[in-house]
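The following pair of complexes shares a single chain, chain A, combined with chain B in the former and chain C in the latter.
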Partner chain A sequence: MFGRRKIIRLGFYGPPNAGKTTLANRIAMDWTGEPVGKVSEIPHETREVQKKERVVVQTKGKKLIMNLLDMPGIATKIDYEDFLKHGLSIDDAQQRAKEATRGVIEAIKWLENVDTALVVMDSTKDPYTQVNITIIGNLEARNIPVIIVANKVDLKDAKPERIQDAFPQHPVVKVSGLKGKNIDSLYEAIAEHSR
Partner chain B sequence: MGIEIEFISSEMLDDKNENEKMRFILEKIKKNKILVIEESLSSLEETHLIEETMSQIDEKFSGIEVSTLKERTSGGIRDRLIRFLGGRTGGLTVIGPSRLIKKVKKEPQKILLLAEKKK
Partner chain C sequence: MPHKCARCGKIYEDNAPELMNGCTCGARVFLFLRQREGRTKEETIEKLKRQELEESDLEWLDKRLGRELGESDKTIHLDVENLLRLERGKYRLDIASLMKGDPLVIKVRNGVYYIDLPYSMRKKKQAKNVGTSDREQVWEIRGKRDI
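Then we have the complex of A and B:
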């Protein structure tokens, strides 16, 4: 069970552009006044693990002390040509792709070093993807508690119930990292499910 | 030129360790083949495959699309006995180069795949 003085190493996992950094920033800004990292609409903005240590959160009389570990998005493909569509030069696109591949490897290696994982998914997209299944299967195999975050519920096309249907074996918290909606429920879930 | 699909029996991978299995798969994918393997990769094997794939991405190879149907997990005596003896109870993996596979739609009991070769 969650120990009052234990520091929870909280990993933010998920595919690119699911809103991991936006959510990590929301938590960090609320409790420390400082963001974790930069966000962008261009995929793979986070290409190294970004950390914010000793974030102290109060929730329903409990105190959570967390190290936020914002991971690069996990993908099975990274095509530099996709970055060209966002206006990057060929050199910049190739460099970004190279850094992104290293980021994915780093995120996988860090799986051994998290106590609890938030698997962040975009509620407007089909959640039943191989990347999501692989991340969750991997965390289950390592016996790491998983909390699924159905993010972007503020968007018109959001269907967070699809996420719940796809992964009924794990708690699903519906939030908007951008708008700060329902973040308290997320803290409660972290307090309840972390070891 | 058409699209080449190679169907691989689980026996073909039986004597390979995890590294050899990943190398075997990626070598074929980099030759622009789609593989249908008669077993489901485990989650740990899948992440290993992603790591290997990432380390090989360059301007010509942009990665993979992969989708698996997991083994049957029914509690039937036959399946339990097979698993107890170290055997596999079904499962399937489809893998191909991402520039060839335009779309993969995964459902719990089927995989839909659309492939198209660039002209």
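Then we have the complex of A and C:
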């Protein structure tokens, strides 16, 4: 009656360090000139939901208007000792762990406000993880369209076909958020599969 | 008779000002501890303090969850809680339970739980308020809440 919703609320989900923020930054920088958030090699850099609203993307004659919602990485275990290796003090590492834990809960709560989910995975890593399976299973149960992003294909050890084999029921787009490789295919997938 | 803080477990004697003003951890709920027969007040307090130190939270966790805790990526299914605070800076989350929409139940240590009661209500409010400004507002309220 009111026509289709014009703005796609696009949630970036996935484990920590899969490249969610790098990918979100790539899209936001290309179309707005501003990044979504800070990236780091230390896991759980994104500990709050980062937003970039009304990002207008033109792809093959179609116009996509998206709210990019970059989520904290989802993990089942958060241990401050993992951050110590990266040179953080004990206090800073423990604080980061607390914020990261809160971030996971927030990311899950935000599932209710997402129209389409990009599940971002690191192509150099084994995709058969319980976190990936749980996220995708839950998105399916909620009837939220899923697009799997096999990220980091620029790396030598990348095996994006493993991701395709693991989740054949969903479209898989092979990209490099860092190098901007194949991002157009991602826009096409978003245009095709979003509701 | 001693009183024990329901949140952090700190023991206070009768008439301690903290019983009126709140524990150093901020909690205001205390458990009244019965004194065993034949034991002085001081002995009871000492015994309880020793007990606190000896009871390791990790011990019972290890017994219950066994190998699962060691495997970082494995999803764990916890009991009534869906967030376990093992120690400062170490957490385990029951992702499946949280994703299912169960209320947030945090187990701080054996026998002490926090339940986020307004969570379900906020969830409904958030679902209705799909506008940007409302979402930001909800996030700000949530952002201030501590684990």
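The criterion applied here is as follows: the second predicted complex is superposed on the first by the 190 of 195 C-alpha atoms of A that agree within 3 Å, B and C clash if a C-alpha of one lies under 4 Å from a C-alpha of the other, contacts with A are read in each partner's own complex, and residues count from 1 in each chain.
Convention: a residue touches a chain if its C-beta (ideal position, glycine included) is under 8 Å from a C-beta of that chain, and two chains touch if they have at least 3 such contacts.
What you are looking at is a predicted structure, and each value in this text was computed from that prediction instead of being measured.
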item: Combined model on chain A: chain C and chain B, fit or clash; value: clash
item: Partner chain(s) touched by A:Thr76 [first = chain B, second = chain C, both, neither]; value: both
item: If touched residues of chain A are counted for chain B and for chain C, the larger one; value: C
item: Chain B versus chain C as contact partner of A:Glu48, first or second or both or neither; value: second
item: Which superposed partner A:Ala93 touches (first chain B, second chain C, both, neither); value: second
item: Contacts of A:Ile108 with chain B and chain C, given as first, second, both or neither; value: both
item: Contacts of A:Thr134 with chain B and chain C, given as first, second, both or neither; value: both
item: Stretch of chain B penetrating chain C in the combined three-chain arrangement, among 8-16, 80-88 or 98-106; value: 98-106
item: Footprint overlap on chain A, where chain B in one structure and chain C in the other make contact; value: 74-81, 94, 97-98, 101-102, 104-105, 108, 111, 129-130, 134, 138
item: Chain C contact footprint on chain A (complex, rising order); value: 48-49, 51, 53, 67, 74-81, 90, 93-95, 97-98, 101-102, 104-106, 108-109, 111-113, 129-131, 134-135, 138
item: Touch list for chain B against partner chain A, complex; value: 42-44, 46-47, 50-51, 53-55, 57, 59, 62-68, 98-99, 104-108
item: Touch list for chain A against partner chain B, complex; value: 74-81, 94, 97-98, 101-102, 104-105, 108, 111, 126, 128-130, 133-134, 136-138, 140-141
item: Residue numbers on chain C that touch chain A, as the complex places them; value: 72-76, 83, 88-96, 98-100, 104, 123, 126-127, 130, 132, 135-136, 139, 142-143, 145, 147
